[in-house]
Amino acid sequence: MSDEVQEALEKIFSADSEIYQNRGFQRRIGFGKRPALINIDLANAWTRPDNAFSCDHMDVIIPAVQDLLTASRAKNVPVVYTSTAYAVTDGPNSDMGLWHHKIPAELLQLGSEDCEIDDRIAPQSGEQVIYKKRASAFHGTYLAGFLRSLGVDTVIITGVTMAGCVRHTTEDAIAEGFPPDRGSRGRRRPCPRCRRMEPVRHRRQIRGRRAAGPRARLSRSPRGPGRGECTFP
Amino acid sequence: MSDEVQEALEKIFSADSEIYQNRGFQRRIGFGKRPALINIDLANAWTRPDNAFSCDHMDVIIPAVQDLLTASRAKNVPVVYTSTAYAVTDGPNSDMGLWHHKIPAELLQLGSEDCEIDDRIAPQSGEQVIYKKRASAFHGTYLAGFLRSLGVDTVIITGVTMAGCVRHTTEDAIAEGFPPDRGSRGRRRPCPRCRRMEPVRHRRQIRGRRAAGPRARLSRSPRGPGRGECTFP
Amino acid sequence: MSDEVQEALEKIFSADSEIYQNRGFQRRIGFGKRPALINIDLANAWTRPDNAFSCDHMDVIIPAVQDLLTASRAKNVPVVYTSTAYAVTDGPNSDMGLWHHKIPAELLQLGSEDCEIDDRIAPQSGEQVIYKKRASAFHGTYLAGFLRSLGVDTVIITGVTMAGCVRHTTEDAIAEGFPPDRGSRGRRRPCPRCRRMEPVRHRRQIRGRRAAGPRARLSRSPRGPGRGECTFP
Amino acid sequence: MSDEVQEALEKIFSADSEIYQNRGFQRRIGFGKRPALINIDLANAWTRPDNAFSCDHMDVIIPAVQDLLTASRAKNVPVVYTSTAYAVTDGPNSDMGLWHHKIPAELLQLGSEDCEIDDRIAPQSGEQVIYKKRASAFHGTYLAGFLRSLGVDTVIITGVTMAGCVRHTTEDAIAEGFPPDRGSRGRRRPCPRCRRMEPVRHRRQIRGRRAAGPRARLSRSPRGPGRGECTFP
């Protein structure tokens, strides 16, 4: 993204934020006590190059999710992965719904390597992998029922793409009653650097939450941003 | 079921039916033009003996579903199977929800032979197998969205158990707006012979519908009930 | 219900219970800590005579629900009422769905006296009245989202009719992850006396739960069953 | 919106569109044969000034919706309105869910003038008004069931706000299987002139569809854009 575009985006978000603040919006939902980690569509079709669905900035996202997984597993935080995959990608009885009229959903064949979770962040035994058919991880899946029966009250949502599946999942999480945390201090705006992704150092969040320390400290990474990493916030 | 009990059941149903008819209930929903076949939980845990979930009368049900499958495939009627299976059957992060507090859901391990569809009625390529977590085939699954995007307006529901998963699926089908046909000429009452099951000669139904002949004809099976088959209706 | 039929029913339930127990079913789900009270369809069409939907035994049900309401309000337990009502009961754009093809749903006009909650158990300010379109109180309503955002983990379901709306609501409550308590010590079987209803002395339940006393004590009513009341259990 | 910002937005959208087109996205879903009109949150809190929820450009939106209503009613197209309103806006048993932690949902009291549909576009008898609790018109409502039982296969979505309730409704419509048409020739991008709204001359759409004429003709309005109207497209 060019500097020019980034500058424009920041101008737009800043103007919008001011309107909302003046009207009493932009309050904080806060966190609960029983979080779950939801990794959206971090399967090979999205995380590896040369696919119609390939996303950028995996050098940032994969390590961040690895950190999050380590922290979640250490605390027995339930881990859920989603992928999008279809059993029937041809003919009149497909399960692609309307989407293949709009996007190349026919590339996402259930059982193919493309639809499996990236093995750099592989699911472990005891973790859920939900093969969804739609953008939202809640739509047409058992995710809401699963989270509820576990007493989950906060969802930490990572993955791609932010403007599509992550956003719709986040909207549904609010609607369903699970306070969503899309990372990056819950900001509703895309990362100014890697706009379509969910880039943040989620590891810090869990640490920050546990330490109950001041939020400002979240931005000081013990590791420091690596080369090419997203430095936001 | 003893004769005594069957007699009592018929008395109760008959009394109930009279009340409902007098009050203007018991109308007919009728059929649409684009049916789908939904086979509920005809996986080995239910269709084979010696499992906590084993159901009786498979000598009737399996051949009837085989006939239905043949007829459906010949007409490109979408075929859906469900099974009930859990990825995590132990520990605090299980996807069994509340059910394992009530029934031995922990026996239904996702990926096990028990949870696979009975190979006498095996799914073919292009058919959906939905691994659900709850009784209803609609709850927490993409079934409703799948049926709708295909323009399905009638569901033919088979399988087991009738008082549990089949019933809840049928209730949800009505709620969702798909006229359900539980076979047996849409009767709401259990088969007087094999009460908990869904025993009927579904093949006749599709034939009957195609021929648009009088409903009374549905009961004249070209094959005739085999030994041990349910003769209802 | 005649003695003969009641006797038959008890025989059937007893035989079924034995099968289930032998197979490891019939476990107890138990209770949570934050209950809500859900009163199903206790509107005039069901609670008053001479309507196609009229139910019997209101001399038992209304006082029992009055007791439950008093106890719930004293403890700030959230109270929800449902009624079933349709905005458009004629023509092609009705919201009755499929149901009017089966039952006289066209009698349930939104805004009519028939669809309002019986004023003997009138909702108070701060309580929810949900006008549903289907049998289940969860289907096509905000009930699940409402309960979840309040942290409700147990639902106490009363009302009518037991074989229809109460049952479907109970099934969905289990599916959604809210342990349902249909009163009457959570039995899955209809009351042997007033079979289609949900008649029990729910007041005792809340007391019993609070006292954490032995379940057997629940049956000793401080008031004693009045004339014509259901003495079950 | 300043010219500078608008220019930046167009640059961003243009760059994005090129990426998507190169990858085989941006296909057309097309239309069905049985549309319904869904008017999102055109209640006084949004359509009138001096409310925290007030939206701009009502001089464009209200006449456009009036035209759409006239056309829809002439063809017996089902009309649905939504509003967002809460029965309990105070205390622990509120139905506002998480939203009041984020936005001033407590201003939207069910039954208040603010939550009623703007009387310039008042519902007629036989039209549905759905009081939703969440952003999406599908979430926690009977909308999907209603549309399905009517055989609706296309939804025309108007209203406000575009980045919130209209967007989430549109996403859910795709997920549910109803091809959504947010007007403006189905563009996924906000109107360059009145960014957050849904500004288009929907009347032309219905005409265009009826005439089955070339899409280019849709932009020639018989009325011509009035002063201050959105001229997009």
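We just call them A, B, C and D in the order they show up, numbering each chain from 1.
In this section, contacts are C-beta pairs under 8 Å (C-beta built on N, C-alpha and C of every residue); 3 or more make two chains touch, one makes a residue touch a chain.
This one's a predicted model, so the numbers in the text were calculated from it and none came from an experiment.
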| item | value |
| --- | --- |
| Count of contact steps on the shortest path from chain B to chain D | 1 |
| Pair joined by more contacting C-beta pairs (A-C or A-B) | A-B |
| Inter-centroid spacing, chain B versus chain A (mean Cα positions, whole Å) | 38 |
| Euclidean distance of C-alpha centroids - chain A vs chain D, Å | 27 |
| Where chain A and chain C are represented by their mean Cα positions, the distance between them in whole Å | 40 |
| Per-residue overlap in chain B, given as positions that touch at least 2 other chains | 97-98, 134, 139-140, 144-145, 149, 175, 177 |
| List of chain A residues in touch with chain B within their complex | 76, 78, 87-88, 90-93, 95-98, 126-129, 132-134, 139-146, 149-150 |
| Chain B-facing residues of chain C, complex | 4-5, 7-9, 11-12, 15, 23-30, 52-53, 97-99, 101-104, 134-136, 139-140, 168, 171-172, 174-175, 177, 179 |
| Parts of chain C lying in touch with chain A, wherever the complex brings them together | 144-145, 148-149, 151, 153, 175-178 |
